[in-house]
Structure formats: structure tokens, C-alpha cells
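Paired with chain B in one complex and with chain C in the other, chain A is shared by the two complexes that follow.
Take a look at the complex of A and B:
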């Protein structure tokens, strides 16, 4: 029996287009990628796009207008599997760093003044799972080529992709890097999703947290450990909010609740 | 009244469309609509430390990530009175050469060329132009590799920091760049020959003004402290507001730029017009062969300008690598003050990019970012309107007019994410 090549769509919302660019950056695999799948829609790469039923939709970017919300719902309705690619789609991205502080409208006014907006209604940026169900998350700012290609080849073979479930510290140990935290500098490694290959600590620089908060179960104790080591929790949160977006806000609330109980 | 629109402009970075409003054959207006959502990045970095700002702002755009990082570094270092070492300076030059090769090869061969040859995408060209598509991918991959070596990652690398680099490229990596950049020169020449052989429709022709940085030492380059205007004027980058005159227009949320009340162009063609005579090597020969007065009128020549520039970037890499390799590593320079202001100007592949910062007691007080695409928007619309008028007068079909307009918009290599780092443009 021959397997039909899956119908794929690649979409982008509010962000830097870096995750779509990373797909185009798979120079050695690009021709095969377009061969093994039927790319029905990929506006950044081609003009002949057809919007219909899809096996897999890759969605980049956060949602920040009502128009985008509608479009995302439409993509969800015609896709069997919907995959969030990149930090903006997964957690909201840098534009969601102050989510929930109640000052978004104030910031918006500072940029736009009292300009009348009549076409689309802008909102504070949200991750896509605030609007629709997401089946698979591929984190990263931007996504990693091999993690993306791995996911695609699993999907082409009809299997579920495996993604990292541990923090950057694990990858950093594999590289045998000296720990930056022990050198007295704050590093986002313990609270950040792995998958990048611990690039920044390998360069001698602290992890900036760009893959968003890890799902690792030990995150509460790691957060407490940072506190014990004398790192100011407010500073820690300020640093990690840059990429943690809406998810980090939830996570911290959760940690603080547990901390209060303990 | 009727509308002729391109709902979703394909093969550009970000989300935009084109709307032409017609009254019979008369073109009432042509707009480049931007469907990006607001991000308010400049507001969000307020109160941050410079190093944190530097993590966030490259995320304005993936294709110009290193240009954003470098413009910010230049602005922040001026504000904090930091003088980078020669090794740092040269390594930054190298990363800019890498981004230029990556972005110019992506734009010319994979995004713009399909229009000229009548294909919907570069992938669709594979059957007939396999060698050229593969050539483009080779060049792009190498540009990415240079970005990876210098910045730590293909996109959004964190290695270049205020005051220096986390780690300098190894001797081995520099050698790799030297060898490979020489190997790829025939590919870059073929790209120039290809774009040199194309016909550039004259529908969009109109006088314009061109702006770029003035690279130091009378050399060609991608960063400088003063700005050249093609009318012969030169202005300090610190006075960028006088050049860009950002204004809010009533029909959109995008801020626009005018110089002396006129639209102007930034990008590879502007760089060639202002600094083309400084090119050396084979790039200089190709510039002499292809440059003409038409470049001053027809935005489509930006594609050819990018192709020639890409060759220059490749030819320049071995020398820069040698100089980096001959210097000792230097530590990251520390700020010498905590309060100050500074503007960084660099040439992103698609044009001049400004980052201005006011820093107070070590924290960002004001961030002002003016992107090349935002500066080009008025000029794009001006050339698109003329194109629509002339094509319709020539009895061209709607489909042909649409393609003609798309080609003009695409020629500017627009980065719509960049242009809307803080604003969204919608037609009312």
C-alpha cells in the first residue's frame, strides 16, 4: 500500500517569521520536503496557494487581532493535526511578556495615540492555544531545524513526534560546560525548555530563556533553589518573561501557590 | 469604482496585500496593506537592562536579525560610551557579510526571480532551472553558516553582545569561511549574469532620492555614523529624525517617512548609487558593466544591485577572516557610564535601519527603531501607482497589472514584520 503524501499548510501570524524562515533554511532537505509532502499553502515561499482540507497545519506567531483569530479558527477547522511552531505560537512570544499586567491599553495608546481603528480590532498577544486546540508544540525562538525535520518525518510516517521534556541544563551537562549559575550570574537554563543544544552557555553566555518555560516537573524546586542561591525572584521573572509570555505567568502563579502552601 | 487587489502578497516576509482603487481607468489610489498584528516592542523594552533589550529586539525580524542586533549594539555602545576592540569590530563586519549573502540570495533567486521567469515559486522552477535553484540554496546556506559561526545560531544568535562577543570564531571556522567563500564566487557571478540578462519593465520608472549609511574610510560597507543622501547631502546618524520624519497618516496605523516632503528609497540600489564607486574586485567590474541611469528610476534594479552586492560580500570575506585571525581575543568591554543616548545605523539587506536609545541609570528609558521597510513604504506606493496607471493605459489585463505591482513591491525586499514592529497598517 502506498501512503499518500500529507497535505500541509504553513501559516504565520504575529511574530518575526523566523520559524517559517527556519523551514526555508533547511536548504539540504527543502527539495525533499516539498517532494515528500504536498505543500498546499505556504505564503512566504510561493504564490500558488490553495486553502482546503489539510492533514497538517504548521502555525507560527501569536494572535493579536480579531481577524487573525478568525483565520486561525478556520485553519483549525480544516486541519487534522495542528502544530504550533515557535515561541510566539506556543507561549505568546516577546509581545506577550507583560501579559495580564493590565497596562496593555496604555502601551497601545502610547504607540498609536488616538488613531481610529476600524478594520481589525487589536488585542494583547495570545498564544494560539488560547483560541484553538493545539496537537503538538514545537518550541524555540526560532525552532531548531532538526527538531522540525524530525517531527515532519515522524508525521509523514504516520507517527507522533518526540520532543524534549527537560530543561536546558541537561543539554548543558552533555556539553560539559561549566555552570554559569555557580559563577554567580543568572542563567535561564534550569527553567527553560531544552532543544537548542544549550547554545548560549556553550558560548559562555547565560541562557536567555528563548525556548520558553520547561514542562519539567522539577521546575518548582528549581525555582526555589534559585531563590535559595540568592537570586532575586523578581529579577528572575523579569529575565524569563521576555520569552515565557503567558505560560510563564501561569507557571509562576502555580509555583507561588505551592510555595505558599509549603 | 472598482478595486483591483492582491489579497495576500506572497513571497515576502510578513503579511501584506495590495489594493488599487480605480475609477474607470483612472487610478485613485494604490496602497500596500499590512495585515500584521501589533507587538509594541519599543514600549516593552522600556525599563530593561541593555543586555535584556538585546535579547528581545532581534526578534522584531528573523531575516534581519543580525542587522537589528548590530544597530542596537551600536546605539547602546554609544549611549554607554563603550569602544569595541578591532577584533570585535571585524567580527561584526563578518556577521553582516554573512547576513547579506543569506538575505540577498534568498530574495533575488528564491523570492523575486520566479516572477521574471513566470513561475509561482522557486520550487516550481526546479524542473527547468534546477541548477540555479540549487545554486541559490548553496549561497543561502553558506550565508547562514557565516551567521551561525559569528552569532552562535542561524537565526537570533546571542553571541554578539554589547561590548564584544561571548566567543570569537575559531581559526578553523574562519578558515572554513575563507575556503567556502572563494568556492562560491562562480555561483554569485552566475546570479549576476542571470539578473543582468533579465528585462526590467519600465512601467514603474520615476525620479527618487536614495539614502544609505556612509561606510567609513571611503569603503563600501554596511555600517556608518553618517547618512548619505543621493542629492549630495550628508547627515549624522544621530540626526536620523530629520531624515526619516516619521509621521502618522490618517488612512493607516503605519508611520511613514518623507525626506523634504518626498518619498525616498533605501536598500541595495541606494547603497550602489551612493557607494557603488567604492566597490572593488570583480564586483566593481560588474557594477561598471551594469550600472546605468535606469537604476535611479526603476526599483526593479534593486534585484541586480543585491546580486552584485552579494558577490562583493563573498569576495570581501577572506580578507576580513585573515584580519580577525591575526588579532588576539579581547574581553567584553564594560560600560563607562550608566546614563546617555546613542543612535546606531546599519544597512540591513533591505536598507538603512536605525536604533536609538536613551539610557537612564543603566535602564532603557527610550527605544526608537526605524526600519527600512517603513521608510520605503511611501516610495513603494508611489512607484506602484505609476505602474498601475501606465499598465492600464497600455490596456494590460488585471492579472498582468497585479503581477506588475507585486514585482515592484517585491523588488524592495520588504520585511513586513519589521515595518510593523509596533504598528499595523490597515485600509479604512
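Take a look at the complex of A and C:
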């Protein structure tokens, strides 16, 4: 059975480009990847790029300017399936850790002073689903090679990719690690999507949340727990927000309203 | 069932001898991790370790494994690559857990993957000393009469060895000179004394009698909402529970082909995705509903169907849940109508 190779585009916005690099880092499978798909546009990988109709667009990075916003809308308009790759595209990334606090302009001024920005109009960093509809999210900072390749293989075969929706704790128990949070230490595992194989807790380090928030997290309970364990509430909030982006910012609004120190 | 006697110092020789049958696995402790690991000899095991983080279900039903390979012509089962294993040092609660798994995976529905692993795994139980989290006395799982191949009760100077199966007897016959059938009055007295002493060692006092009624009465209790507010939905309770058996199934395909594998991995009803169905409807959207399902299943529904709880009192949920939701606190909360701190 043969299928027509899907037309694919890979794009990057505000971020470290680490997710695109991770695609190129799939060295053993790269020939297969370029063979099974027709890569129409991938600026980091090749110079001969064509912008047109796409079956699948992979988009990395958050949206931080009006110019990017326009470009993203254009990609969406010509793609059948749009996939957010990496924490910045999925939730906004570390650059969105303080999103919505009303102090973005103040911070912008602190960094850029009165410099006139002419290339584009800068905005507070947003995840791409704040602008366009996203069909599939591949989280990670950076993404995991095998999660990415599994998803691509499924798409090429005409199937819907499956990515773990449950938290890191599940994979962490599969690895038979003792629970860090149970021991009274900070760990972002219960709030964070699995898929990383619980690398950090397996090495005895707490989960920092780089896979981004799960769809079903109880941040209020974890926050309360850490406060009871004697952690400084402000420190806890910083840790929770590091990779949580816009999504976590929305969830912690209530906690912050009640006053972190309360 | 036959009971034999063996000198304590002969255990090492016996385990060295039975390795001929298959890989030897036992409880080990390394960097705070207590788990069943592959070992060369008794000296590498820690028989004092009370509970492993993950129960022995991992051998019969691994956290994630491939069931079969498929292509456009059909599928080929991945059988035959499971090694023969001898698990030494399994405690009564965990053997009770396996007995429950056997009911679920081998009786009404025969699961070929479970069956293959079960048949290739010998369970050599060992008596234990309860710690502050053990509550097998409340679930009537502190002693075991079935499900094992051999069971070793440590009576200080000697072992009393229960022979639970013909496979277990085959192991005995590999070193028959180490075992004696000559049991005397002192063995009976020592064993009775051991049982009495074990009964006095429990520190977690919990009463599960009447649980089905209490669950029925408390079905709409606000206690569930309070527990739901605390629950992190991390699913750890399911992973560490010897009787949690739910799984998800997923296909992986090779890049550029339709050949692939079908995998199975441990799932939990504590996850939102578990009760999500096509069209986006979720039967248990609320965390409180998911918690109630989990505990109702363990302490009410299972009793109704099998006459005993699906809790074996191992204390793993007590030793794992970061927000202190476990069979003890939930049973207490329902009875007292108040969630403890």
C-alpha cells in the first residue's frame, strides 16, 4: 500500500530553535523522515523552500510580534494539520512565565529602554493557540525524539498520534522511583505532562515542569502542600510558573488574588 | 499442603541451586529505592525491606510492553521472550495481590500475556515484620494459604517451608537433603508464638468492617469533594497498588510504513483521560468522582463481587500519596464525615 507523501513545513518563531534542532538530531531516522514526507519548507535544514499548501505544519516558538502573528495565520490557512512543537509553541515557554501580570510594558522598557523597534511591533509572548487553532501538541523543552517520530509516523500512516496526557508521576512510578514530593521536597511532576520518561526524578532531581502543564492539574493543592512543607510561597510560585506559560498563569490567578503570602 | 523444615543457613545453598530453573529475583535496596531486582545470590537481597515501591505485578504485567507486531497481513504475538523467573521474598500481602490479579486475568477473561508471565514466574514467599504503615491484619491478608509455590516462615533458628504447588515441590527436589519432614512440638509452639507476636506489631489501626455499607451511605457525601480538592491526580496510588490492573492500548507504526507494534501500559482511573469518550464527553470529569470510583472499587464493589476487599493492606498508598489520601484516611473520612489534615 502506498500513500502520497504528506507535504510538510517546519517553522520557528520566538524560542531557542531547540525543537527544530531536535528534529535534525534524529540522525538515524533523518533519511527515512525526509523520504516518507515531502519537506516543502524547513529554513533551518535547507535553503530551497516553497511556501504553499501543506498537509502538516510543525510550529515552534511563541508569538511575540504582530509580524509573527500574521505569518502564523498564513501557515494555518494553508495547512490541513497544525502541530505545536515544544513548550514555547504549546504554552508560551519561559518567556511567558509572567504573562498576564500587567507588568509586561515595564519589563520591556527595562530591557529595551526607549529604543525604537522598527522591524515589527513587539507584544507579550503568547502560545500559538492564542492566535490560531492547534490540532496536536507535542510538548517538551526540547521535544523528545521518539515522541516526535512516533507522532510523525502515525501521521504519515494516516492515523492520529497518541501522546501521554497523564503526569510525569506515572512514568516516574514505572521507573520505581520513590516520590520526591512525598519526601517533602519540591517536585513539579504531578502538574507536568509525561513523555520525558521521568528523566530528572530517575536521577534524583525534582521535575522542573519542562513538558508543560497537564490538562488536569491541581495546582492549588500542590501549592498548599508545599506551603505546609515550609516552602516560601513566592519561591513555589516562581518554580511552578517557570515552564507553565500562559496556561499556568491562568490557573494560579485565584491563588495570587488571595495573596501568595496568606 | 506440605510443610517442611529447613535450617536457616541452608537458604543460600538452596537459592543457588534453584537458579538452574530460572533467573533469581529478590528485594534489594539501593539509593533509597526498594525494588525486586535480579540478583546472583541471597547476599544481594535485603529481606528486612518491608515493601518495594512497585508490587510484584510488574513481572506478570509490566508497566509498558509490546503485545504483538502487525503489518497489512495480520499480526504476530510477541510470546516466548519472557524469561523464567523465581521471585524470592514476596510477602503475604503481595501474594494476595497476585491471587486477585489471577482472578481478573485468568478466570472469566483469559489474558495470554498475563498467563505466559504467570506460568513462567515462581513465587517464593517470605514472612515479614509489619511496619507502621502495614494494615494487612485489617484486610485479612496477613497470612497466605494459596497462590505461592513455596513460602518460607522465618522462625529464627529455622525456616518452616510451605509447599504450595508441584512446581514448588520440583524446586525442593533439586536439593531434597536440605529439607526435613520431621516437625516436632517445638515447631508448632514456635509457629504459634510467631503468629501471636506478629499480631501485636501493627501500628496502623483501621477497621474495614462494614465498609460496603459506609460507602453506600456516603455516596453523596461532601467528603468526596473535599478529598477531590486535595487530590493531585498524579495516579501514583494506582501504579503502586498490587490490585490496580487497568491499562491503555496504543499502536506505534514504523516511519513510512503501516507495520508496527501494539503496546499496553498501566493506566489509572484517577486520570481525566481515562473516562473521556469519543465526542468529548467525560463520565468522571470531577476529580471527586474519580476518587470515589477508585475507593468504591477497592472497598465496596469488590467485596460485593468476591467477598473480600481489593485492598491487601500493603500500605503502599500510605507510603506514596503526597497529599495523604489512602485507604486509611478515606475510610476514616467517610466514617467521621470529616477529612483529616
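To be clear about the criterion, the second predicted complex is superposed on the first by the 229 of 262 C-alpha atoms of A that agree within 3 Å, B and C clash if a C-alpha of one lies under 4 Å from a C-alpha of the other, contacts with A are read in each partner's own complex, and residues count from 1 in each chain.
In the analysis below, a residue touches a chain if its C-beta (ideal position, glycine included) is under 8 Å from a C-beta of that chain, and two chains touch if they have at least 3 such contacts.
The structure displayed is predicted, hence computed values, not measured ones.
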Quick one: chain B and chain C on chain A, clash or fit? fit
After lining up the shared chain so the two structures overlap, which partner does A:204 touch, if you call chain B first and chain C second: first, second, both or neither? both
Does chain B (first) or chain C (second) touch A:239, or do both, or does neither? first
After superposition on the shared chain, which partner residues are touched by A:31: those of chain B (first), chain C (second), both, or neither? first
Taking C-alpha centres, what angle do chain B and chain C open up at chain A, rounded to the nearest 10 degrees? 110
Quick one: is A:189 in contact with chain B, with chain C, with both, or with neither? Answer first, second, both or neither. second
In the overlaid three-chain picture, which partner chain does A:136 touch, first (chain B) or second (chain C), both, or neither? neither
In the superposition described above, what is the shortest C-alpha distance between chain B and chain C in Å? Please give a whole number. 11
Where on chain A do the contacts with chain B and the contacts with chain C coincide? 204
The answer for chain C against chain A in the complex is residues 31-33, 35, 52-54, 63-64, 72, 229-236, 239-240, 250-258, 260, 265-268, 271-273, 287, 319-323
State the interface residues of chain B toward chain A in the complex, per the touch definition above. 8, 10-15, 35-44, 48, 52, 55-56, 59-63, 65, 106, 110, 114, 120-124, 126, 133, 137-138, 140-141, 144, 152-159, 161, 166-167, 248, 253, 417, 422-424, 426-428
Residues of chain A defined as touching chain B within the complex: 12-19, 21-22, 24-25, 27-28, 30-31, 34, 39, 43-49, 62-65, 67-68, 93-95, 97-98, 104, 107-108, 110-113, 115-120, 122, 125, 141-142, 145, 196, 199-200, 203-205, 208, 210, 238-239, 242-243
Taking the complex as given, what residues does chain A use to touch chain C? 1, 29, 32-33, 35-36, 149-150, 152-154, 156-157, 159, 162, 165-167, 169-170, 173-174, 176-179, 181-182, 189-191, 204, 214-218, 220-222, 225
